[in-house]
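Input: structures, listed below.
Each of the next two complexes has chain A plus one other chain: chain B in the first, chain C in the second.
The block that comes next holds the complex of A and B.
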């Protein structure tokens, strides 16, 4: 017996049981059948035709007009049948897209992977949690032959897949910078030209780039419109904003970036973040800078890698 | 989450009043309203943000895009009525240095 015949038999049984004594139990069979119909792609007009055949069989004396009315109903339901089939095919397409995005997210993850440098003078930790499947945030560490550590953190304005693709471009632009060009202001100036030239005019990138030299403990940095980070001064036990001014990448190709310097003492801490943190809306409104500092003070006693 | 875009035109001067939230969902509507205006020659656009309750970086992207387009067509682009929070967004991103911005009530349009 094929599925259709089987379904017809089930429909027949359930309908006649219900018509005999209209109880809840028999009515519930109708719900179960409805799920089966969806499972086996039986359209609304087919169900009506099934219903009509059953009625003719159960009540041969039924007035012809009543039966004719089912042909009319069948025509009316035709549109729903078409809509249902469209829905089925969209669901199928959506599944395909979802799979493709999952693969793309994996590829991106591999492309943007960065290794946290391991040097005696510093303890470094990083965490990134994407808002959606593909991540528009990016951080990257570089270590040159003089043991200087470069750190870049960037955020594409706009989320989702286009932003994520854009981030991969930034990574490759950074990789192709020559070794001696790792001064923060010149890194931002080079990337600004790449972004201005290559990216859609309404897509922009905020970026912070810092370079730490363990020999003179100097942290030099520059910002292209990026959310300011924090500096923890161990001697006084206080946090301050790591202020740096500079225009977003991709707005004006002639933009020059100012470089700032900070002498880092033992026990001090530099915290960089993306605006995904301060832009995040919680039940109590935004996460304000002040609240963020309270949390930071609480965790600053932990080892960074354990965050 | 919604936005209303109210455009008043007088010759080449446009006053655009925005009301609501500007985020990834409403940004396309804003972009569609602003871009055709921004591509006209010698246009002057003033955007009133007094009644904008929220804006994220997607909204910022729309304004930068419109600003660049207006500048390329020799026009003027002004933002007025920014709340402290919005003002901070433009300050951090360095945009306050290149876009004409009048904050708070100072520039609010009646």
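The block that comes next holds the complex of A and C.
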């Protein structure tokens, strides 16, 4: 009650100062009081009651009708008082949701963590920056007992929490694939069945899966409608699209994927990305594939690394 | 004996009668103008719900005196269609009329205690109390 009494005193002082001499200084006090009232959850109807009591004290001879009008005003302000309380409660709920999403994002981060394989023949770097709090993109590395390295990169069409939940499913579907089934086309075919079976029909996933065998230096890959990657040929110093055709995951459970192969020579480079990169807006508009290549050429002299 | 008074809600003017009854009792009990307005607004919301969705029912006002604490109890009772999902109607920002009505969560905030019982097809009973401080 201390606070309330204190507020009433402040209101009384500011109001009497203003009524004595209508200056900006007193009005500024009024603005400060308004902020304090909000801080201490004082509702509009209480302010009107406070105002009326102050007037009665300051001007005992005020006509009764004038005072009565404040009772009417108080009634009119009731709705605003309710709306104000509702707003506060919704704000509180929003804060709670935000905290929960933050926790979910951390959990997701842990769930989707992947270790970048360390083998002598290759240098590998990867980066993923979520567009929102939760990441709808996903990349994953697997290394089998024959030192072959599998790389999966996927993107859920649609962003936000549903997309992020979907990604966690892909990760676990991949983990449960049998060891001998790491051929890119069969990986995509298995995942396609999982997605078709488990995911809302409105949600689709694009995915690229590649497998590099260091013994014959062959990179085999397949794509389910994923943004094409780039291939850098060190001998000619040129880039080309890593084209691969295939239907998105989750459209038709009978989809077969074609597998492509590419011989990788010393100094060559494979760049995989999600459409998050090409959809990324810069000051000049969307980044286009060609512009991306120009930037890539500029940096390809650098060594790959974890950014 | 406890004081209890009841207003039948059949048409819109009965809402006014329920408000009047509530305000009189609140005044008698010594509630200040702000609390009087809160109680009356809560009664108004409950009576309006009966008028709009149940067709008919009643609002009763009771004076309470428990362990030296005075209070006012509103009982809104109807034989309307009932509420299927109470959780949902008690959510902020949810109104069936789509209007800016305070709705049940608004009425709940204006009072100290708020209880709702509803059986689909049979009716709804809401009991709300405000204590004198």
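To be clear about the criterion, the second predicted complex is superposed on the first by the 301 of 307 C-alpha atoms of A that agree within 3 Å, B and C clash if a C-alpha of one lies under 4 Å from a C-alpha of the other, contacts with A are read in each partner's own complex, and residues count from 1 in each chain.
Here is the rule we go by: contacts are C-beta pairs under 8 Å (C-beta built on N, C-alpha and C of every residue); 3 or more make two chains touch, one makes a residue touch a chain.
Bear in mind the structure is a predicted one, so any value in this text is a computation, not a measurement.
Of the two partner chains placed by the overlay, neither chain B nor chain C lies in contact with A:117. In the superposition on chain A, A:82 makes contact with chain C only, while chain B stays out of contact range.
In the superposed model, B is the one of chain B and chain C that contacts more residues of chain A. With both structures placed on the common chain, the touch criterion links A:157 to chain B but leaves chain C unconnected. Of the two partner chains placed around the shared chain by superposition, neither chain B nor chain C is touched by A:214. Touch criterion met: A:49 reaches chain C, while chain B stays clear of it. Put simply, chain A touches chain B in their complex at residues 155, 157-160, 201-204, 206, 224-228, 245-248, 251-252, 275, 279, 281, 286. Within the complex, the chain C residues that touch chain A are 32-34, 37-38, 40-41, 92-93, 100, 102, 105-106, 109-110. Of all residues in chain A, those touching chain C in their complex are 45-46, 49, 52, 71, 74-75, 78-79, 82-83, 85-86, 89-90, 93. Chain B makes touch with chain A in their complex at residues 24, 31, 54, 56-58, 60-62, 64-65, 68-69, 85, 92-95, 97-98.
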